[in-house]
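You will see chain A twice below: alongside chain B first, and alongside chain C after that.
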Partner chain A sequence: MMKTFDIFVIPFVVGMVFVLMFCLAALGRVILQMPHSDRRRLLVSLVTPQTFLRNIRDIFCDCLLHVKIWKRNPVLGFMHSAIAFGWFMIIVIGHIEVFVLQPFNDYNLSFAQDLGSKLYLPIFFRFFSPEAVSPTAKTLAFLMDFFLALILCGILTAFLKKIKSTIVGVKRITKFGFADSVIRIALWTIFPFRLAAETTQLMVFWWLYSLDLCLFMFLLPFTRYMHIPSEMLLILLRNAGIKSKSPRQGFALAEMYSCPGCGLCIDACPMSVDDEKSGMTSVYFIRNLRKNDPEKMREMAEVCLMCGKCVSVCPVAIQSCDLKMNLRKNESENLISDLSYLNKVDISENICEKGEKVLFFAGCMTHLTPRIIKSMKKIFEKAGERYEIMDSEGGICCGRPMLLAGKTDAAQAVIAKNTEMIRKSGARKLVVSCPICYRVFKEEYQLEDIEIQHHSQYIDEIISKGKLKLSRTKSRIVYHDPCELGRPFGIYDEPRHVVESCGVLVEAAQNRNMSVCCGGSLGSITMSKDKRDAVTDSSLANLMANHPDEIATACPLCLKTFAKKTDIQVNDIAELVAENCS
Partner chain B sequence: MLDDMNKVVIKGGGAAGLRAASRLKRNGIDTVVIERESTLGGHLAQWDRLFPDGQKAKDVLDRLLSDINGVEVMTNHTITEIQRENDIFKIKLDDNTVIQADAVLDTTGFDIFKAEKKQEYGYGIYDRVITNAELESFFKTGSDRRIDNPKKIGFVHCVGSRDIKVGNTYCSKVCCATALKQACEMREAFPESEVYTFYMDLRMFGKGYEDLYLKAQQDYGVKCVRGRVSEVAEAKDGRLVIKAEDTLLGKPLKMTLDLLVLMCGMERKDGFIATKNGFVEQNITDEKGIFVAGTAIQPMTLPETIANADAAVLDIVEFLKRRK
Partner chain C sequence: MNFGFSISPSSHIMMDDVSRKRFDALKKTEPDIAICMSCGSCTATCTAGANAEVSLRRMILMLQRGKDDEALAMASRCLLCGKCYLVCPRGINTRHVLLSISKCLGHDEDI
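On to the complex of A and B.
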């Protein structure tokens, strides 16, 4: 009968019990804070085979292998999966070792002692059974050593990243507070201690190994490493189709816990062009959410441009824009909007005439860039389309700016009025030239039987149907992906097709879902003109990487923002087409 | 009093440059005026009449020109490089001529704000949107195909001035009075017309300006609306539909017009030139021997420009005397 207890295991067991209790309590909080409907949804998803399989796949790919990070940068991917997958395998093989090599329970132990030994035996197995004798034991020992070596390589990479972050393709890394710095040292030393303990079998190292694990586990709930247990829960919740409804509770709490603080969002954030503002990025926003610092939370939620790039680079896919929007909603709850004017607005009678037609909604921003309206008129006419402009006599806002400011009620009133007018028009298709409007029409309006198209989609469609005759010029045109069009809807190809049929398409340094916000975004409530200008300059520099002759975009706000900061010609895709069609 | 070796190069033959040239000449200082255009006079030469009392711009320009008789003038020339060698400037022109000078006076003035940059006003998109400068040239020549007996005319103040969105936060100073002058002239030219001006505030600070404002309303029936025009659209018949806000009544406003005149302000591509001290060294730059006068420093009215050129000449004369 081998020895199954030594006093040095106690720190580890205490830490382990603490962390398990904390996670259980946190899980309870997340579940209880969610609305009833979401809890139902979770339950249903857990027993649905497809979601069950998706959960397994996602947990394996995202939490252990870190596939998303591999795609981003292989070295960074290696670092993450070496530590995560290596550690996971050590735990799994550790349990197999105990199961295989110590198959029978020691009946002299009480139930509690037995359970306790189940906790720590896989961790300290080599102490209690230093010699691997049988071939099975040797194989398992080899695997354990292999994964330990893998983890150590991962930690070495992490250490090198700390010294020089560019080796993993990252310019700026997250600045950590005291607890996060201490736990990082704890994490980095766990495995060297284990190696030392196993090779030397000196008690001091076994103690250090156990104490280090204890420290790690006591700090875990209060640091970024909470993402290790939390991310699995987040995957289950997300695959159940749950979204955050509050800035800090329920699903949001799971998201907060799941932020690994990796800081990939810092380089992605357009505000980071100004180092002073890189402290405003999502990783710090979530840190302040966890701290529940109301002033900083609000400041960061309001300054954000809502371009969504942090969300698209986030390896955990935390919807930080949603969290910020939820916070804005709470802040704007008590603001009163005078919407009495809505009663006086109506769609003009001649638009409601019977017959197939396309309804064009220009929206406020396109009214400030009337060249686009003029171009769209020409395009409709050249394509032989029967069309009406919904807001030529002055329409109302689409509602998105109010939503972005957190004024949900005012937005809903405007949305209801527009919906009424669109239905009244009898149109089957609605074309919008502004991605800001497009987004709200797609996400918030109930217009099931009416096809909603962004004008890039519409123009691409009529070109491919041969309704427009275009002449191509030799001009090299770079296309800027607007934030509200690209990242939320993946409309990347249609506008590019349009540009290609007018000239020579050139790509920016960062494009598609990596596109850089123009700086004019309605998303930010508080950003000063200087800071916006800095964002615009960096976005322009990104576009100019391949020396285009002109810039094309598909958003009137991007257009206006760029046009005032550059001497190079900036056109909407509609203007390009109108110029080149005969 | 000054020896013959002294020479001053004036960059720009507009109002400030001409005035400074005549004053330097009177002080016996050898002066060369370099002008990039083929004629002298700058913006003044493009204008028909001047506020507040409608004096002919040509009369003022003729007087400025007659005062520089005998001053060397090089039109159709631009300066490509200014080099300093000890205390002498070597000024290189586009035809590779090099002029040596003891001092340089920059009177390169302003550019008129490009109205296309405020796309929401529809300049260059709609036929019936014109600029203040174009209206002035209509007054001069009497012809502009876009101005076809308009019945309802609007003037938009502060186009490209006091507008953080285009990056110009300053007031261009001359547009308020110009708008009311032009509004009265339009009423004279088209007695049947209604004329509206849309302003943020009317800055009628100079002698006779407030009288012009009263006269415009009382004698010419010009209607002044306090509020900015937000956007301009084209109706099906080609007329213009403007949206604005009457901030005195606190109401949004929609109006159909036959002609819209944009009061484009002043700007400079690389910004106005900084001087050493805005109070007591208004014409002296940080570069020793290089002086500046007129609207290259900041927006100024014509009388201010001329006074400012005089002041610059005094600084130059003192500078040359002290050098001896």
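On to the complex of A and C.
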């Protein structure tokens, strides 16, 4: 008669029970910390068939197959899916072996014994039932061996990555603390021990296998591997449309747990030009958030340029910029603000003649680069468009810089004032030449019935309508994607069309959603000038990869930042068009 | 009696009488304020300054002279748009200076 229990399974069972209890408690914390409206939203999304199907698809593609990482680098993708999918299949097939083959069903086990054994039998199946006899059993045994081999290949890749990270296309890898290093060794040895135990059937390996699993599970809640259970919850919450409202609670807690510490954000971060500053990247920010180290959390949240590149490369899509914004908000919310003088600013009633005229908002940064305003005026006139400039007498700020600094209430006062003026103007179309303004108009203003366009979209539109006649030069122009325009709104093609109609478009080494911040960003509150200069230099080097004759951008702040640091001509796309239109 | 002129009140500040404690605390978090050369570029470009009395140059002078409350009132009108940072010839991180003024001076109990 086969055994159904051996003392070596105890460490595994204890670890398993511990990890399940911890996850349950963590789940409870996340749910309870969320506001009531978010809990409702989650409930509704779980019973809506569409989101239900999307949840299943996302969990399968992101947590098991790691499709996003495959797209980024196939070797890195293989490493992740071999371990994750392989392990998942081993657990699934292990359960099939126990529940389908039912080799232990002849024994009269008490209910408790039966329930307890169900926990460990699928994991140590080969110990209790070493011989596969029936064809089904043999097929299952083969599949188990196949997936074990797959996992071992994945672990081998991980080991090679540790030695030389460039084989998976990664320059800098995350520096780990003690617990993270120990659990990694535990993870890497689990499967070799399993292989050794199954092949040799020596008790020592079965013990090592069980103890190793126990160690892994006891460390899991306190290390980056917490992302394995947490990522599934994060997908459910995200698909329900929930966003973080605090730096560490509710949805933010789920995001913190879900950070796998992979460090893809380190290479992506523009601050990584400097080794010292690469320690300020999102992966370390989230680590400090988990540790709840207020000083470091604040420092990292305030230095960030908010370019959003870490978010766009993150395989788990953790919205780290939102977390940083929440933290800044907590810091600056209570600062005194006196914006009563905004009442003095005004605009004439129905200046846009019920939508007959386009309303142009230049914004603070464009006022510092009056050549853009001049060019826009010329473009409007050449195209025969009637227009009004909303802030020709100076105007006020759009409110985004205050939001970025965490002064949300004050920003809302500015937003309310601008909204009032735009409504009063009677405009149906608002053109903005600054991506910083464009973003806040799109995201925070309630202007649903007014079409808001960035000037790159507007110029592209009038060119395609044939309202502007442009002469193309042979100048090779590289286009720089501004952070506030590209990554949040995907406006990559319109400015490129505009550049192409003025000259020869060349691409930078990293472009579109991989574009490198110019270093001038208002997102950073504390970054010093020399650190910013280092970022600008690396961004310029990226742009110069294909030896262009001039640089074009669609952001007055990028323009100003680049112009200070390079000898070659830097133009806004509006200037390019104004120069080349006849 | 009208002499055709009057005597304006003294703008003399007795540095012995003012407390520079809050200014010193600010200087610790924001050493940049010591390198301002009062060129006034920040004031000339200021978005808020077009509609209200806001001038970073004057704020720094006020702080040096112990006129903390006036400086704080001015800082509270700032829109943080960052134009002053872009024009500052000394590369002072002006937005952070302005936030720090509000933070350090806004909480009396800390000093």
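Rule of thumb we're sticking to: the second predicted complex is superposed on the first by the 568 of 582 C-alpha atoms of A that agree within 3 Å, B and C clash if a C-alpha of one lies under 4 Å from a C-alpha of the other, contacts with A are read in each partner's own complex, and residues count from 1 in each chain.
Here is the rule we use: a contact is a pair of C-beta atoms (placed from the backbone, for glycine too) under 8 Å apart; a residue touches a chain by one contact, two chains touch by 3 or more.
Worth saying up front: this structure is predicted, and the values here are computed from it rather than measured.
Bringing the complexes onto one copy of chain A puts chain B in a clash with chain C. In the superposition on chain A, A:Thr199 contacts neither chain B nor chain C. After overlaying the two complexes on the shared chain, residue contacts for A:Ser332 are found with chain C alone; chain B is out of touch. When the shared chain is aligned, chain B and chain C each come close enough to touch A:Gly394. Contacts of A:Ser464 after superposition on the shared chain: neither chain B nor chain C is touched. Legend: residue contacts after superposition of the two complexes on their common chain; A:Leu342 is shown touching chain C, with no touch to chain B.
After overlaying the two complexes on the shared chain, residue contacts for A:Lys374 are found with chain B alone; chain C is out of touch. When the two complexes are overlaid on their common chain A, residue A:Lys560 makes contact with chain B and with chain C alike. In the superposition on chain A, A:Asn292 contacts neither chain B nor chain C.
When both complexes are overlaid on chain A, the residue A:Val414 reaches chain C alone and has no touch with chain B.
Between chain B and chain C, more residues of chain A are touched by C.
Superposed model on chain A: among 43-51, 61-69 or 97-105, the stretch of chain C in collision with chain B is 43-51, the rest showing no clash.
Within chain A, the residues touched by chain B in the first complex and by chain C in the second are 341, 367-368, 393-394, 529, 560.
Of all residues in chain B, those touching chain A in their complex are 117, 119-120, 122, 125-126, 164-167, 230-234, 241, 243, 252, 254.
Interface residues of chain A facing chain C in the complex, by the touch rule stated above, are 332, 334-339, 341-342, 344-345, 364-365, 367-368, 393-397, 401-402, 404-405, 407, 414, 520, 522, 525-529, 557, 560.
Only residues 45, 47-48, 50-52, 72-73, 76-77, 79-83, 86-87, 91, 93, 95-96, 99, 102-103, 106 of chain C touch chain A when the two sit together in their complex.
Interface of chain A with chain B (complex): residues 341, 367-371, 373-374, 392-394, 529, 560, 563-564.
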